[in-house]
Amino acid sequence: MTATFVALIDFLGTFAFAISGGLVAVRHRLDLFGVLVLSFAAATAGGIARDVLLDMVPASVVDWRYLAVSLVAGLITFRWHDQVERLRNPVQVSDAIGLSLFAVLGAGKALANGLGPTGAVMLGILSGVGGGIVRDVLVATVPSVLHRELYAVAAFVGALVVVVAHALSLPAAPAAVAGAVACFVLRWLAIRRGWRLPQPRAGDPS
Amino acid sequence: MTATFVALIDFLGTFAFAISGGLVAVRHRLDLFGVLVLSFAAATAGGIARDVLLDMVPASVVDWRYLAVSLVAGLITFRWHDQVERLRNPVQVSDAIGLSLFAVLGAGKALANGLGPTGAVMLGILSGVGGGIVRDVLVATVPSVLHRELYAVAAFVGALVVVVAHALSLPAAPAAVAGAVACFVLRWLAIRRGWRLPQPRAGDPS
Amino acid sequence: MTATFVALIDFLGTFAFAISGGLVAVRHRLDLFGVLVLSFAAATAGGIARDVLLDMVPASVVDWRYLAVSLVAGLITFRWHDQVERLRNPVQVSDAIGLSLFAVLGAGKALANGLGPTGAVMLGILSGVGGGIVRDVLVATVPSVLHRELYAVAAFVGALVVVVAHALSLPAAPAAVAGAVACFVLRWLAIRRGWRLPQPRAGDPS
């Protein structure tokens, strides 16, 4: 993947997660700075976790553009949340876009730093789900990844496409696009059709 | 401690914490992937925190066996949670085993990486309690370490045994076993007999 | 800034945040160890996050004095919380002191490690708000930074003073004092006068 293509994916994913963070903040009646903080936290937490685990200084700490993209998305959400909310499930849509883009990006970055296939899939999933986890924990709710429709499964599929393409020496950019599309479509169908993984059978309450 | 012995402790602790994470997930009615995610998070968070603070790439990110052990434990919990729940306090038992093994392992790993006694005891405690903290925060409850019977005290004792033995140049493997047993027995007696540390005297509610 | 001056700020901030953590623990009826754990977590989480993002082993892990300061503050809180609570808003005062000191310290440490102005301001804010976030998440409440009066704005101002002074080659120690005072005064006035940032206009509940 060229650096420009990676940066494009990265900032699109940052923007999408920042919108989801801002909307969750608005729904919890936070003030302007709370909206901006939650936008930034949702947008960068997955990438920060990925880079810390790769033993690197996170990109979003040294590059001001991540902050700028997050703040723009947060301000848009703050100002026009009424219009945004008129879209169908805007939190879920923006969250699913961020999930898809960061899952393929995280897997690709892990491979580029020498991790094996299992590590790359795991960092892809973590990059994808990290922002949503921090967003939800900060407003004291159970993160989507733990109980929503095929959330981590979709990130797994997206990261897997990237890792398999790498193992087969296929070109990286089309693989990233294919992985992101597969992740988004799977997550979106799961939301629309209510697909769920099996739940544990009811037992004796403990 | 030989590498084999360390690996044995590590995978046993991983398995025990993964069971505790899976059981907590089942009790919160999460679906299959939520059970697997919480198993993995509970099993690896303490070790990840320990390795990040030691400025290393965490073992569970580069070695697929941690993921495999967590998934097996999560699947067992998902499938047979009724039978597991028939044991006496299975969450507390598996949690206490993980706590004991990771406390001594974390202290030993910190010493091996050149930390002094205070740092080694602190990383031992963190390794022991980290998995349970992440597990409980993810389901939006107050972590056990903050209000349960002698939880962090037990991890402290386990880590202290390892650090004192190291200072006295005693052999590491028996010290690790002794520390883990001391930690587990203390935690278990505290649960069974309701031992508690003093609570603050009731004051004016604020 | 001389090393002695930095250490003074650091231990004062550690003590202040540890008091705030201990008081929150007492209000949640935690036992002695819960009080000590929450004191230590509140006192060190911001600095640990800062150092991990700078790819360093955190100071509080290798230097026993952070633990000692936290434990002393925790024990004082545990023993004399009635008297401490008679002060006006002791959690908010100690929290505001810690916020101010860590915001300027974090920005200064980031500059000393080669980060640019945006990164230094961000790490200053994170150092300032990190301890309070972990403290509040551990007792399952929404962190102050997301909804309290000008909380992150105050940290932003404190860090900005340090970064601007550095850009103008002004002496670091007076800049740090000025930044900390500006942060504290802003936060304190916001609390006393109820200053708030705008909230989103009420829309259709979703």
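In order of appearance the chains are A, B and C, and numbering begins at 1 in each one.
Simple rule for what comes next: contacts are C-beta pairs under 8 Å (C-beta built on N, C-alpha and C of every residue); 3 or more make two chains touch, one makes a residue touch a chain.
Worth saying up front: this structure is predicted, and the values here are computed from it rather than measured.
Counting the residue numbers used at the interface between chain A and chain B, under half appear in both copies, so the two copies meet with largely different residues. Chain A maps onto chain C through a rotation of 120 degrees [Cα fit, steps of 5, range 0 to 180]. Computed centre separation for the pair chain A/chain B is 28 angstrom, with centres defined by C-alpha atoms.
The set of chain B residues touching two or more other chains comprises 52, 55, 137, 140.
Within the complex formed with chain B, the chain C residues making contact are 25-38, 48, 52, 55-58, 61-62, 64, 67, 78, 81-82, 85, 137-140. Taken in their complex, chain A has these residues touching chain B: 52-55, 115-116, 118-119, 122-123, 133, 137, 140-143, 145-147, 150-153, 196-201, 203-204, 206.
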